[in-house]
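Let me begin by presenting the structure, written as structure tokens, before commenting on it.
For reference, chains read A, B, C and D in written order, and residue numbers begin at 1 within each chain.
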Amino acid sequence: MSRLKLGMVGGGQGAFIGGVHRIAARIDDRWELVAGAFSSDPDRSRASAAEMNVAPDRAYGSFAEMAEAEAARPDGIDAVAIVTPNHMHGPPAVAFLKAGIHVICDKPLAATLDQAQEIAEAVAASGRQFILTHNYTGYPLIRQARQMVAAGELGELRVVQVEYPQDWLAEETSNKQADWRTDPARSGAGGCVGDIGTHAYNLASFVTGLRADRLAADLDAFVPGRPVDDNVHVMLRFAGGVKGMLWASQVAVGNENALRLRVYGTKGGLEWAQENPNVLRFTRFGEPSQILTRGGAGSTPAGARVTRIPPGHPEGYLEGFATIYAEAAALVAHARDGTPLPEGLHAPGIEDGLDGMRFIAACIASSQADGAWTPLN
Amino acid sequence: MSRLKLGMVGGGQGAFIGGVHRIAARIDDRWELVAGAFSSDPDRSRASAAEMNVAPDRAYGSFAEMAEAEAARPDGIDAVAIVTPNHMHGPPAVAFLKAGIHVICDKPLAATLDQAQEIAEAVAASGRQFILTHNYTGYPLIRQARQMVAAGELGELRVVQVEYPQDWLAEETSNKQADWRTDPARSGAGGCVGDIGTHAYNLASFVTGLRADRLAADLDAFVPGRPVDDNVHVMLRFAGGVKGMLWASQVAVGNENALRLRVYGTKGGLEWAQENPNVLRFTRFGEPSQILTRGGAGSTPAGARVTRIPPGHPEGYLEGFATIYAEAAALVAHARDGTPLPEGLHAPGIEDGLDGMRFIAACIASSQADGAWTPLN
Amino acid sequence: MSRLKLGMVGGGQGAFIGGVHRIAARIDDRWELVAGAFSSDPDRSRASAAEMNVAPDRAYGSFAEMAEAEAARPDGIDAVAIVTPNHMHGPPAVAFLKAGIHVICDKPLAATLDQAQEIAEAVAASGRQFILTHNYTGYPLIRQARQMVAAGELGELRVVQVEYPQDWLAEETSNKQADWRTDPARSGAGGCVGDIGTHAYNLASFVTGLRADRLAADLDAFVPGRPVDDNVHVMLRFAGGVKGMLWASQVAVGNENALRLRVYGTKGGLEWAQENPNVLRFTRFGEPSQILTRGGAGSTPAGARVTRIPPGHPEGYLEGFATIYAEAAALVAHARDGTPLPEGLHAPGIEDGLDGMRFIAACIASSQADGAWTPLN
Amino acid sequence: MSRLKLGMVGGGQGAFIGGVHRIAARIDDRWELVAGAFSSDPDRSRASAAEMNVAPDRAYGSFAEMAEAEAARPDGIDAVAIVTPNHMHGPPAVAFLKAGIHVICDKPLAATLDQAQEIAEAVAASGRQFILTHNYTGYPLIRQARQMVAAGELGELRVVQVEYPQDWLAEETSNKQADWRTDPARSGAGGCVGDIGTHAYNLASFVTGLRADRLAADLDAFVPGRPVDDNVHVMLRFAGGVKGMLWASQVAVGNENALRLRVYGTKGGLEWAQENPNVLRFTRFGEPSQILTRGGAGSTPAGARVTRIPPGHPEGYLEGFATIYAEAAALVAHARDGTPLPEGLHAPGIEDGLDGMRFIAACIASSQADGAWTPLN
């Protein structure tokens, strides 16, 4: 299988998530990075390109230029990865979609619901693929958990507990990563809720197959002067009477990326934690808890499909992220030339993006209304 | 030190918590069980007495008879332990207090706020000691956690996460323990919220030194036909802007008694779990997390004071419970003859009981008002 | 059931293990401490007695005096607990056995094989019960593990890994506990191997039902000037071709009492750790690992028989120790008046003691012979 | 930085470790796979090449042909990765070295000491780089552990405990991976000891900076009819009086790749486990244990240098393996054009390979001599 051609917007020197996307794109060898507008500063863009073995003539000074030029090349990129701050997802996404180029976009979808809506319209109009990198859905045991829930192994669901505590913003902090995430103009009105609350919500939604109808939220900015929230408390009401709680925090000292999901139904319960992702605790009511390992005894096809190495050899964050890129490759190849889609393929897309934006908006609205139950719509 | 004389109301054959109280009373050798009204059935009470080495003439057919008789004996009991279902705490408590006998009472304080208020008035009128067995406050590392918070090791508090999931009522169940706990006439209007929600709230309150001002709650009875709640979601607002979440559940499959507390402040965070209680995770912001063990390096006087054996030899639930009995003994001995109180003594009392009742009432009221913020008063 | 009468030799003020024995004896309410020679210093013995509610006339200045006096009393003790340093187990044990009094003795059995042999002969001659407090065999999940092995759940055994690391003697240390344990005259020729190596060996032997035929040992005294070993490496050959390794250490920095056992057979494997003893990991070959909890799903009768409280409420070291005392009570009551023995009773006894002494002797002999395979006999 | 050109011997369809090498080579983007003799069956080799985007004219039918052709091309490979069974490491290694091509070789070095010696001579004669993929040395916290030991944070070392239990060969098994590993003609005389015992020994040696002087081993083949060992017990004596134990097993039911290292010195101890490799437990004597995380507080430069993503986002087996490839790239680039070597570079090489072979040979010899202490030489 020849490699697909990837371009990138953002992700130049000093960025964090761009490097993650590039490694993820390489791991399964379905993509080759050949073009980029790595920075809004053209010199910086070119310097970054050189470090990444991207040819100088495909190091662009702006995404607009890149979209036009790549669309015109016979060997132009198949897809573009957008790894800029939230407020800069929309313009390039729309430009590349209009140019007929598939889009892989970092989350959350945008800084505002309006921007998000614009992207969604561009996706619909273009008929191109749009993949949102809710990368935690790429962990094999998360795929397995989803399949177990769907297969009824937990019975009818009752309770969902999800949390994502961090501590890196526990004090006033200034660096490239912190600055845009705490600037409403760039991150959107949600701080913590947008950056990691959406991950937590998406993960719960992905595994359970449920979306929340309503929520009641209490958001705080504990660090003095911070213009966006850094701690998020939410009660959730899902379809069918399922209840949930969500906690996200950037000020929970002692936590790095402690994303954790627990789901309980009439017949069983399961528990998973991102920091040791190769283990899933599963209990059938009245039986001993089981420790399911990635690829180990009790694995389901959905998990096995996206695992690369034997159980006991840990896969991590980059492999989960790589699975999103592998799924994206399958979608793009299918769109290009009808390559059959693999059974069980899943990639988060525009609907997940919109749902995330509705989640952010509802959290903020509820919190401003003193925690009133607020619909997601 | 000679032993104090203990009587018991409830706790006869087939009971659970009575046996726990008796072991707890023996561990530190400050109490001797010498009298009891172990059952409302006099034959059963006498049969239970015989099994417990209680003299036949002190096996009573009713608590009223017992209070009168013991108050009249020169060698009468110093204190009575009340281990009946919630709705039967009040009458014996009031009777023994009126008879001048100190009371050790299981939690929650009562089935209703009115009953609770009656007990509180009797305590005030009697001048006697009243100890409520919120036993989790007896764990050494919980004492240590409280001392660390009070000493400012966490800085100013921001976030409190507490949870108490179980799964034993995940299906419709009938046995002595389940029946009264799911019967509003005996347990009170709160099911899960009263039985274990109060423990979670009390623990958070004990460690942080804070009481909640207001809460927003979402209570469910997931098992069809169950007349009381079996899952409890609460958002908390403590004094001083501290925010919290509390989750209690009796339907979370795979959980036994997974009480867990996490507290975060400006300078540090800590985490403790009841099922492995000899370990406390503590992090100073920017430093590696520390694993503090009961009695190990980094112990504080408050924890060391109530530990019996060296680190690495686990103490458990019964030892934590025993600490409440040891504290009760110190209080009763002090009341009796002025024996000096040990420094650092703490025993949950009538105020904790009232606070727990307010917590239950507020949870139910808030849930009935669709999660409206409801004050605890 | 009326309480049995217990005396104690050793365990006065400043001692550690005596206090543990007393709590253990109280927990299940089968014993009452009524007499003691708590110290070789009569004043100290009497002062200790007063603290323990022992009548002054039964606070003895020597064990010899005590054995004689108690044997003569109509209400004399049923059994004596010997909690002195190793070299002082033999003389009182022999004296009480000769006086017709049952003996509960701390481990290891003695400081030397000769002393041990003398005790064994006295036991045989007396017909009295002799219980050795290898307390770790009292943990419910250890009982369960033994029953699972015996029932063939692991298939034919192959490999046994046992270890007991501590760090309290990592530096030169002087205190009451350290001094006698590092003095060959009091502890015997084995230091670490006698104090905790015997526990590890006994635990492996108890769970597997096997005794080692031969061993190869490498003993070290890492702390300069220490006259006994503080680190013990052993390879074991059990009956039937089962192989094992044992590691015990008092210089393994970061370990408190990290006793841990792993057993593997053709069909399954299990793993248990003393510091979190309410959990047993069990795996059937080809299936997910199970987390068995004390009293939880998958419990066996042998474990359930010695558990006091529901799963999820941790029992600890003192409860395991108490089980030895409960078993001792059943044995003594049976000997006294034919009270039927409970099914499933197990108490470590003189054979375990002799086997432990053989283990120590073989380790020392092997190490002196540069690790030559040495039989236990 | 332009990519280096990589060839591969072995690793065709159906192989396991070849795929791991290829992912590892891609992760840090320093290598491009351009040639291969992926199978001794030329058709299979070509079919594999096509799947890997290797040009048909560089898909070779034999390693000999490949070495010659690539050495002759102006754009020939910079290095070759040898990922065949053990007995087939030597011939290609020698051929490529003679052709002036650097070699990256899977472990153990060879099936026999003679083969190993031949490789070593070829390395010396060629002046080319030889990197042995002891991939566990690539884990960031293993680098950190080594640096901490070297910096004296543990004081003088005393005890090293290392183990590597698996269970995949607990029964008689037949598949591509199992067959050659249990065939002495292909794996060498050591089974478990060669396949994973060497990893355990290498890891202990890497972190401590020590090599064993002598060892006493007890090897077993528990599965009937198995011609090589499947369980390995070893006592180790390192330079300077440091003592160790090593256990490796392929029949320890319930273990996947449970490689675990513990090191103790006069001042501190540390513990690491491969299955959750982003955590290192470290204890200074008399202080609470610390949980050091990859890239988290307390990181050292040696660990930080080889980490790609922030703490709390787990890196795994493939990233550790990739670090070996990144180090190899630095060595090869340095050899090619003098590119400066990064500070702190470490890659396992021919000496580690020889040491591993000596370890295997000594284990087998000792076991055959009934566990006699046997030097490694």
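FYI, a residue touches a chain if its C-beta (ideal position, glycine included) is under 8 Å from a C-beta of that chain, and two chains touch if they have at least 3 such contacts.
All figures in this text were calculated on a predicted structure; none of them were measured in a lab.
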item: Where chain B and chain C overlap in contact partners, by chain label; value: A, D
item: Maximum centroid distance from chain A, chain identifier (CA atoms); value: C
item: Averaged-CA centre spacing for the pair chain D and chain B, given as whole angstrom; value: 55
item: Chain A and chain D, separation of their C-alpha mean positions in angstrom; value: 34
item: Inter-chain centre distance, chain C versus chain D - centres from mean C-alpha coordinates, in Å; value: 43
item: Of all residues in chain C, the ones touching two or more other chains; value: 255, 281-282, 289, 293, 296
item: Chain A contact footprint on chain C (complex, rising order); value: 281-282, 286-293, 296-298
item: Touching residues (chain side chain C, partner chain D) in the complex; value: 154, 158-159, 161, 163, 167, 170-171, 216, 218, 220, 222, 231, 233, 235, 237, 241, 243-245, 247, 249, 251-255, 262, 264-271, 281-285, 289, 370-371, 373
item: Of all residues in chain C, those that touch chain B in their complex; value: 1-3, 16, 19-20, 22-23, 26-29, 51-53, 166, 255-258, 274-278, 293, 296, 308-319
